[in-house]
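Taking it in order: structure first as structure tokens, then the write-up.
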Amino acid sequence: MSRKTIGIVDYGVGNHASVQRAFQALGHACRLSNEKDFLASVDVMVLPGVGAFPSAMQALHSLDMVDFIRDQASEGKAIIGLCLGMQLLAEISLEHESTKGLGLIPGTVQPLQYSACHIGWNALEVLHQDPLFMPCNRMSVYFNHSYVFEVPEIYRAARVSIDGYSYTAAVRKGNVCGLQFHPEKSQTVGKQLLNRLVEGLAHAK
Amino acid sequence: MLNKRLIGVVTVKNGWAVQSFGYRRYLPLGKPEVLVHNLDRWGADEILLQCTDRSHPSVGPDFELLRKVSDLGISTPLIYSGGIRGREDALKVVSFGADRVMIDALLKNAPADVEAVARVLGIQAVIANLPTKNAPEGMLLLDYHSGHEMPLAEAVKLLPLDWISEVMLTDWYHEGYSEAFCMSLLAASDLLRKPLICFGGISTSHQIRALLANDSVVAIGVGNSLNYKEHAIQALKKDLFGVAIRPPYYESSTL
Amino acid sequence: MNTKMNLRCVRCLYPISHPLGLVLDESGVCSGCLIHEEKDRLDWLERWRKLELLVAPYRVESGKTYDCVVPVTGAHDSYYIVDTVKNRLGLNPLLVTYNKYFNTPLGIRNLANLRIQFNCDILIQNINPQAVKRVTRTTLRQMGSIYWPCIAGQTVFPVQTAVRYKIPLIIWGAHQGIEQVGMYSHEHEVEMTRRYRKDHDLMGYEADDLLSIFDSLGEDDIWQYRYPDDADLNAVGVRGIYLGNYVRWDPKAQHEQMIQRYDYKGASFPRTFDTYDHVDCYNFMDIHDHIKYLKCGYTKITDHACREIRFGRLNRKQAQQLVKQYESQPLIHLQKFCEWLGVDERGLEFILNQHRNHKLWTETYPGKWQRKPETDDLVQVAAMPESGFLGFESHTQLQMDRDDAYITVGKGYP
């Protein structure tokens, strides 16, 4: 395992501490930042997030991060969106009001249909045999959300079932991926997945 | 398939993790962060850090303790309860490492602030704690500070439940006592119409199995009895074979 | 819970500053005294039956292996524990002990005698002394503790042995949290946990915490103190029980039985009237006791006095007076410790002053400290009691007929 540099985008939203500690515990150098020079230099950029889509996008705009992140993605930077951070990768979200997202992966963020919230440990069903995700196929990870990011099937890296309905659990488009669940709070399964993503995405172009 | 959850509860008073008995009597256990770290290693599905005497007087959440817990680098979802006065406190608690917040006093004192908390964190991150007792005249909701009890049926009309994802139904009277949770409290699910977390006097897998058989019960909180034996969480999970709950986990440094 | 550090129980003498956590009820009686009442309230015959049922599945019928692991020392109720396990429960124990290095000749003699009298096999863990000294220097400097390696070793070696030899049952004597502060009821039947060891025995620091926090130590120094993995414990089914939950635990009475039946020997200490406990160590009732005073505001004599008050053998006023007398007695084994560790007394004093509890001590003048006043300060100091006080017998000295020095590796006693 080689030590990577990871930059967590600091846009004032979310639980960075746990995410940072998770990467550091895996042996990677990990810092919180909104400095473009630093974020451009890292091996992997992580977009965390907790809360509401519109205010998160507003925070990114006010820090002039939106175009920067889009450029980084098109240049091949490895990007991981976590929870709300995954949803921000979308083209558009319907949370509260219709808001444009980063548009890195096609699709819409919309309310969960089966109930107000999806809370707890649920088993992943990995699609397309993605080697970064296959080792956690059928393993449970921790979800805590009320909106889902629905994408064209080709970008759906994993799905999860609730009451017979399936929803997107993870997305991937080349060097950009997103996890709806909390890998930093999913104990061993989460840690191992984060490690694979850091190794794998940094090499995927 | 969505699993049901076993929540390890750490009750804190005056900076000490304590065994609590009906929230009236306490025995010290040790350092809260050491108990939290232990539950993390044991693979609890969630950990509830319940700080008592933070709202009366209103001193706010115990950020120092949250920082100590966070510094341990736990990888288990953390629910924080105690002294959350509004939106700013809730945001700060989450930035210090909690994933969800549990509120009690705020529900009655400032219901509008509950909406503000839910808007900024997402409803999924907000849980209501309802200390309830079964009485001949019906279920009663307790206000810890005043000591007053109010019929739950009336309280429900005033509580901002639209902004809550789950309700922790706390059998406060039997809390801390072995196998004492009052099953008839489950009738509250008809009134509340929210997923329920049961807590208070739950110590055996037999009780947990019976409670989780109920569709509205999504999680069980266990407190005092987790401190009596090694691998207490795993032992309960082993006995819950057949129930939709994650299997027991035993840490190994060689994996 | 009251936050005034100096507040004490109205029955025994324990202060609120007790490191295990002490709660006083509305009448000022502490949790320890309240739980102690169970000793006279519970049906011990019934509890003994429970113990017999508990251990029955662990008894290996073929007799070709050990039924349980029993941690022992040359003191600490070891004789009583082995007698109970072997002769009353009819189990075949493997005794284990961790070499503290601070061993007194009397401790070595008692341990050898234990093995011979009960005809048991014993495993002794000797960790290389250079590593032990490095760890001791680190824990002394960082936590003000000279005893971390001793406690870490004593509490982990039995568990490692259980895993390595696949002997699931470990039988301990009393649970310190129950005996001192009533942390649990006897009826909770609390068992050994890694969490309690980290929290209370090791002051919040496991072996890997020392490694990650203090860069003076390496893997080689600490790996032996590492607790076995949960997966290994589960594979063997390791379980540690406390006899004190099933037997009416009374150390004084127990030791006296053991003296009579199995020739256990005690010795007197300047800093306590108890002659039975801790005779195996030069430092526990000496420099370690002094450190306890700096950090907690009371010493081992208070533990002994509280215990005897609760058993009705001492009254509180007598106890207060005795504590004042014994607490102030000077240390007599400090030089041996400093030589062993390679520190000088002044340097040691400097380090220890950094760990004084400022809620209990004031620095009145640089390097000069005074205990903050308590309401009990008006108590008169008792005269030093005669030997044989309360019936505590002393049979010899710690060094017996040997040199007054540590026996770092005991080859047994004739």
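As written, the chain order gives the labels A, B and C, with residue 1 at the start of each chain.
FYI, a residue touches a chain if its C-beta (ideal position, glycine included) is under 8 Å from a C-beta of that chain, and two chains touch if they have at least 3 such contacts.
Predicted, not measured: the structure shown is a model, and the values here were computed from it.
A comparison of C-alpha centroids places B closest to the centre of the full protein. With every chain reduced to the mean of its CA atoms, the largest distance from chain C is reached by A.
Here the spacing of chain B and chain C, counted between their Cα centres, is 36 Å. Centres computed as Cα averages put chain A at a distance of 28 Å from chain B.
Each chain gets a centre from the mean of its Cα atoms; for chain A and chain C, those two points are 51 Å apart.
Residue positions of chain B with contacts to 2 or more other chains are 255. Multi-chain contact residues, meaning those touching two or more other chains, do not occur anywhere in chain A. Looking at the complex, you find that chain C touches chain B at residues 1, 3, 20-23, 31, 181-184, 188-196, 198-200, 204, 229-234, 238-240. Across the interface of their complex, chain C is touched by residues 13-14, 16, 19, 26-31, 34-35, 38, 41-42, 227-231, 234, 250-255 of chain B. For chain A in complex with chain B, the touching residues are 14-18, 21-22, 24-25, 50-52, 55, 84, 116-123, 140, 142, 144-146, 161-163, 182, 184-188, 190-191.
Partner chain A is touched in their complex by these residues of chain B: 1-5, 40, 43, 45, 70, 73-78, 94-100, 119-125, 165-166, 195, 218-219, 246, 249, 255.
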